[in-house]
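Let me begin by presenting the structure, written as structure tokens, before commenting on it.
Letters A, B and C mark the chains in the order given here, with residues in each chain numbered from 1 onward.
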Amino acid sequence: MTRQLLTGNAAAAWAARLARVDYVPAFPITPQTEIIETLGRWIDAGELAARLVTLESEHSMVTAAGAAAATGVRVFSATSSQGLLYAMEMLYAVAGWRAPFVLVNVSRGIAAPITLEPDHDDVLAARDSGFLQIHCSTCQEILDSILLAHRLAEDSRVRLPVIVNFDGFTLSFTREPVEIPDGDAVDRFLGPYDPENVRFLASKPISQAVAVMGGGPYSYFRYQMHLAAEAALGVYDEVAAGFAAAFGRRWEAVETWHCDDAEIVFVMIGSFATKARDAVERLRAVGERVGLVRPRLLRPLPVAALRAAVAGKRGVAVIDQNLSLGRGGVLHAELASALYGQPDAPPVLASFVGGLGGRDIGLEEFRRMAAETRAAADAGRAPPPRLLYTSGELRELRKLQGIAHAERAELRRAAPASSDPEAS
Amino acid sequence: MYRIRLHGRGGQGIKTASRILGSAFFSEGFEVQDAPRYGAERRGAPIFATVRAAREPIHERGVIARPDLVLVGDATLVPVAAAGVLLGMAEHSVLLVASDDPPEVWKQRLRLAGPVRTLPASDAERGGLATVGTACAAAAARLVGVIRRGSLESAVRAELADLEPVVVERNLERALDVFERFAALEGSVREGPEPQILALPDPEWIDLPHEPARTSAPDIFGGLTSVEVRTGLWRTLRPVVDREHCHRCHWVCTTFCPDGAIRAAPDGTPEIDYDHCKGCLVCVAVCPAHAIRAVPEQEAERGAGEGAG
Amino acid sequence: MSETHYRRMQDLPSTHLLGSGTAMCAGCGGLQAIQVIYDVLGPKTVFVNAAGCMTLLSVYPFTPFQGSWLYTSMASAPAGAQGVRDALDLLVAKGRIPPEEDLDVVVLTGDGAACGMGLASTSGAIDRGLDFLYVCYDNEGYANTGQQTSPATPHAARTATDALAGGFAGEKKDLFSIWAANRPVYVATAVGAEPVDLARKIEKARGLSGPRLVIVLAPCPTGWGFDPAESIEIGRLAVATGVFPLKEWEAGRVVHTKVRRPRLPVERYLERQARFRHLFEPVRDEAALAAIQARVDAYWESVE
């Protein structure tokens, strides 16, 4: 075992290498391109016995990934944002093929407007597709989660593809210390790919992914995918226990920090959750009883573990780095539906939306979110949802709007000293 | 509420028939809901349509579980389980079949409690003109007794407006003729009893057990299961080989049959798989010796054994 | 002509591999061609399908194939073929399956997928030198959804979306030339009504490696408006009038495999189909008919 500084992308590539993936259909997109470039170099150097093929779009890439898995090989691929959405039709399709593989999504905000920086709108758009989802907050976690994901996907009780998500820039291009597991130990943990009976062989004709007419039969196939996804919760715990035994790192479906005696907890996923953990520790140091709940699995949603983590708390602040336009934060709504009517459910569930397009969330914002949630708990009433944004940010934006000749009455009324071109 | 189902094959005008009936009810002041149900676009495949008509706005939807009237434009569908022609027939339900066989024969054949009516083919229909859909709609209009002749006429004209005038006139002629023929049965179809929600049996809900993908993947583990689908039931005309005139040419008909339903016996005689032959009659058209002829299916059934493949 | 098993109709098998009982329309020209094609290719194949009429060849739990089948999506069948082909190659190379378990990969799509949204994935597959056969059954419209105009719809054809007046005002897309411009290994056109020509082309394609693409005209009784019994005759007339040239492309050279001299007037083909009836009734549209004839004449003048 060796501990090295690796970017998130490099950690992902290492995991695919250790998993001895056979096939890597690829298409470049910021911020994941390094993953496939790294794998390509290793393949060319003979260090990885796989085939990497560049398709002409992500829709085709995911088709090829599913088709190769449905033929009988271990498949790994990666995409992001616009690419994930371009493939969206095929995410649903290949999940229904029950041919497992691992797709890394390096999360990035979605157009429009187009950006390169991270948030979770892209990966959450796939939450209904049948792909399982694991969310990482460190580079170590990325490597480990991809290995876990292959095991999970390939389990007979599951046989669904898995998305492993990590944030662009904050993880993809950021180096952190990563323990690279021993190859033999990974071989023992993962084993070879077993296609079971979903494969193509001349001696065993099979018609795959055929049309199904009739609500009864169609419902059966869709319900079975759902039941498999739910069964994946139990399978995940087994797999994670096996991983911990082999490699000494325990990755729970839901991680908690300082929740036991917390009155107010944050709920957050992804790389910014470490910022929440940092804030929790600093707030604790000044006497605040706060904690952090960090779900790693979002599909299936670990409902029981989430309920247990927040049971009896006075207030919960869900911090969504995503925004369902017209509704609000996705995790907030999911948690609310999981908690409704449950005994010991916290009486106040506050929604905060921030971090879109990589917008930073400062320590002072965590402090204030905790404070507002506590005040709401005291008042016995959930606060209205808050979109995190400061007056300073708005001032800066006005300057940009001025340059862009945006039509705003406020700009025209601005004092001449602001050198606002609209003020003349 | 009147709950009416129409059954036929793609291409027979069953959807149009449902709209003629729906429009006729509508012009009589009823609230109406009419809808066709089919799989993909397939001429010859079974389809059905539903018509609901009531004095109040209609909220129920979908398949009609207990029809007051079932109209069957193609009698060959009756034995086809998947066509569901007899689904939900209750004591009060009336069945009307487009058939030259008399009603007593049908009633006995199907052992139905309720009345059976038949609609013999017109000479024009026997000659190939497709007005059976319109005829069914007209019969239904008279049987329910709340649709006047004028409403039927305007409905036919409205629904067939895109067709050539001579086709419209032929359909109208047929419709009005049928409307007159069923005068004695006017009003014999009544609005059936409303479903008694408390009396309905309990839905037998289960917790669907999780089955691993090796069982529950949408795959067919093997080949050639399609032969279990008897597409021979699509047929209204059957090709029959005249062995005396067949030249055993090796083998035009076997090559050109789109469904691969003709094979050559060792001596070169073509054998037609009547379980699957759809009656497209390509073989009749391509046979260089003109040794294959088309026989109406019902006639062929009566003369069983003739030219059997 | 190199070795071929198919010189005469008698060389075609009289029993067919493809199972009956499928839901294609009675008289389907596409299905008839696939009978010939499947007999030549055999069951050591996996057909990778894009959305279209033939998707309904297999509806759970029924399949007519003695080999294998994978439905993908409308736009990405060639990408599905890529995944299957690469995976089979990997399995054989790594000794995880014996070579006799290998399969030939065949893409089967209609003209809608081939000429429109499938062009990108086809282009990509050719760029990558994918070893596959692409069979496009061309019924000149989005037939499965009711015969709406597709890029392969011919000039003046009436369709569900060009239902009035002069029918479709555009021209049929030249898929053959588009594919050939991508420089694959083999491109051909064929029709089930000329089964020996079709069988030879499929046999030839089968013996080559790399991207091989065949367009098969599929006369469609439901969409084109003719009696199902005339399905073969319509196919023959398409060739005899010169409307549908039978040809092959290899290494930059185009060879016509069946040339009828003299050609029948295009009217003989058009007048049999309801989609062109407006050219004849209520009055003959001489200008439109002459334009269609001129276009066909110009094509043949350019190649002869």
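Convention: a contact is a pair of C-beta atoms (placed from the backbone, for glycine too) under 8 Å apart; a residue touches a chain by one contact, two chains touch by 3 or more.
Since this is a predicted model, take the numbers as computed values, not measurements.
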Chain-level touch network, classified as line, ring, star, complete or other: complete
Geometric centre: closest chain by C-alpha means: C
Chain pair, A-B or B-C, that carries the greater number of C-beta contacts: B-C
Approximate Å spacing (C-alpha centroids) for the pair chain A, chain C: 44
Inter-centroid spacing, chain B versus chain A (mean Cα positions, whole Å): 53
Centroid distance [mean C-alpha coordinates] between chain C and chain B, Å: 32
Interface hub residues of chain C, defined as touching at least two other chains: 43, 56, 58, 60, 63, 65-67
Shared interface positions of chain A, touching two or more other chains: 205-210, 212-213
Two or more partner chains touched - positions in chain B: 39, 218, 220, 222-223
Chain A residues touching chain B - in the complex, by the definition given at the top: 96-98, 156-159, 196-198, 204-210, 212-213, 220-221, 223-224, 227-228, 230-231
Touching residues on chain A, where the partner in the complex is chain C: 22-23, 25, 49-51, 53-57, 59-61, 63-73, 89-90, 93, 200-203, 205-213, 217
Residues of chain C defined as touching chain B within the complex: 9-10, 12, 14-16, 18-29, 31-32, 35-36, 43, 53, 56-58, 60-67, 143-146, 192-193, 195, 221-222, 227-233
Partner chain A, residues of chain B touching it in the complex: 39, 208-214, 216-223
List of chain B residues in touch with chain C within their complex: 39-45, 218, 220, 222-231, 234, 250-252, 254-261, 263-264, 273, 275-276, 278-282, 284-286
